[in-house]
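Structure provided below as structure tokens; questions to follow.
Note that the chains are named A, B, C and D in the order they appear, and that numbering of residues resets to 1 at the start of each chain.
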Amino acid sequence: MSKFQPRNPEFESNIIERLKGQHFMHLMGFDLQSIKAGEIIGEMNLEQHHLQQFGYVHGGVTATILDITMGFAAFSLVPVGFGTVTANISVDYFHPGQGEKIMAIGKVEKAGKSMMFCTGEVYAINKNEKKLIATARSVMAVVDAKKH
Amino acid sequence: MSKFQPRNPEFESNIIERLKGQHFMHLMGFDLQSIKAGEIIGEMNLEQHHLQQFGYVHGGVTATILDITMGFAAFSLVPVGFGTVTANISVDYFHPGQGEKIMAIGKVEKAGKSMMFCTGEVYAINKNEKKLIATARSVMAVVDAKKH
Amino acid sequence: MSKFQPRNPEFESNIIERLKGQHFMHLMGFDLQSIKAGEIIGEMNLEQHHLQQFGYVHGGVTATILDITMGFAAFSLVPVGFGTVTANISVDYFHPGQGEKIMAIGKVEKAGKSMMFCTGEVYAINKNEKKLIATARSVMAVVDAKKH
Amino acid sequence: MSKFQPRNPEFESNIIERLKGQHFMHLMGFDLQSIKAGEIIGEMNLEQHHLQQFGYVHGGVTATILDITMGFAAFSLVPVGFGTVTANISVDYFHPGQGEKIMAIGKVEKAGKSMMFCTGEVYAINKNEKKLIATARSVMAVVDAKKH
């Protein structure tokens, strides 16, 4: 069970609604698997268009799915009428990513009124192996949803 | 003129060669405009598939073009036989991005033997206006090119 | 001249007042040399108690004077009745620091209503040489001054 | 038990030896409580000289004890003849720090040959309460010990 109480009872359907407009996420082929208050998990099959010149997952792909899962994790905890935008994201790349799938987990670590601190992890999945290839942290700003 | 002396005289043609394998960059439609020792500039036209649900450039797009330009800026300064990988990238989002084009500049700030420190900027371009929407810094690790 | 208009006409005297309570800054011996809207400069003489085991400036000293100058740079731009707290600071260490003095410059890059993005630089000064040893960026949160 | 195998069997006595030259750490009054391969814990009593103008722990104090514990955690895992220097440190401040003591934990998350990725936590301790006030991550560069 999540350590957080959502302040918007409809956070899950609101996230599903917002996913429709995530054009860049759709271009990549990434999708969410689990939506909980303060924790979002998503994954995608790795295809050639996700790679860079050495056959590894592009660092931009990794950063993008971290931003998406941490961003929706933060959004899951704001009150009705509010949204979140990324103020700062930092990604540490532990290992080159290779495999069949890539999975991202975004979590809220501290939920403030105007700001949320999140962490994220990306795993490359290959047969039965699951390898941590990157970690991240971010500051998400809570904003008036009418403007964002 | 650049403050850096490239140690690989063919860095420009090496970068152009590597661009061919940048599948994710091609998926996005981003391309390099200027390749100098320690400084790389690229841009792309903004299309719907670069956006998130509010019509702004996706934060992952911004992070990706920063990673690409800073990564090649670092690569332009390594000796023959070496490459670079991103160890850590951090992006600050100043403003939501909107416009016709988006442009990224990646620069090396300090070129060490095993590590390079870079900075980057992303501008949204609309008619005659050029707006700084994000800045970044990164640590790029210098690695043996045979392995990467 | 600064690119920023201060919203508190007494920001300079307010900063001078706040410096009195900066006990850790006094323990270190750091002092401000220049207070402008959006830009703060300070310096100190390097003594043995600022060093680590190899005779270089301790990374914590560098981080502290970056936090102080960026924090007051952000504070110089908030309206009357508001303060700032550091949400996130990131420091890149370019070179080991050695010399007679150490100087820090903190600047605001983007001043938002609830958040400020800052950058900082630290120089080691030795005779006539001034060497950039570290750079930083930070997110400063704007808070109600009654609480902080 | 640690997930890491130290490559220097005398890492603990080497760390204790290095602590003698940590002049800034001694100025602050911080000391290590636990030295394990890949994990270092330290603490100190909070005194007025650790504070800023609102009676909270100075952000520079928090950054310093994170740098020390993460730095020695990285050092505990390098081979004989090598050392570590901080390349980049990033600190997220969750809550203002107040209390009787402050404690820092530094851990290695990924130990590479030329680079280590670490995380850190700082707790404010007051009577029986232990509150997480800051988290951090860092990139530590592995260097030739003769030079550092």
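As a working rule, contacts are C-beta pairs under 8 Å (C-beta built on N, C-alpha and C of every residue); 3 or more make two chains touch, one makes a residue touch a chain.
Treat the numbers as computed from the prediction; the structure is a model and nothing was measured.
Asks: Check the residue numbers that chain A and chain D use where they touch, and answer same if over half are used by both copies, otherwise different.
Replies: Same: most residue numbers at the chain A-chain D interface appear in both copies.
Asks: Computing the C-alpha centre of each chain, which chain sits at the greatest distance from chain B?
Replies: Relative to chain B, the chain whose C-alpha centre sits farthest away is D.
Asks: Report, in whole Å, the distance between the mean C-alpha point of chain B and the mean C-alpha point of chain D.
Replies: Here the centre of chain D sits 33 Å away from the centre of chain B.
Asks: With centres defined as the mean C-alpha position, give me the chain A-chain D separation in Å.
Replies: So the centre of chain A lies 29 Å away from the centre of chain D.
Asks: With chain centres taken as the means of their Cα atoms, state the distance from chain C to chain D in Å.
Replies: Chain centres of chain C and chain D, defined by C-alpha means, are spaced 22 Å apart.
Asks: Which residues does chain C have that touch at least 2 chains other than itself?
Replies: Within chain C, the residues that touch at least two other chains are 87-88, 90, 92, 117, 139.
Asks: How are the chains arranged in terms of who touches whom: line, ring, star, complete or other?
Replies: Looks like everything touches everything, fully connected.
Asks: Spell out the part of chain A that touches chain C in their complex, as residue ranges.
Replies: 87-88, 90, 114-115, 117, 139, 141
Asks: In their shared complex, at which residues does chain C touch chain D?
Replies: These residues of chain C touch chain D: 18-28, 48-54, 58-61, 63-65, 67-68, 71, 85-93, 96, 148.
Asks: Please output the residues of chain D touching chain A within their complex, sorted ascending.
Replies: 90, 92, 94-95, 109-110, 117, 135, 137, 139
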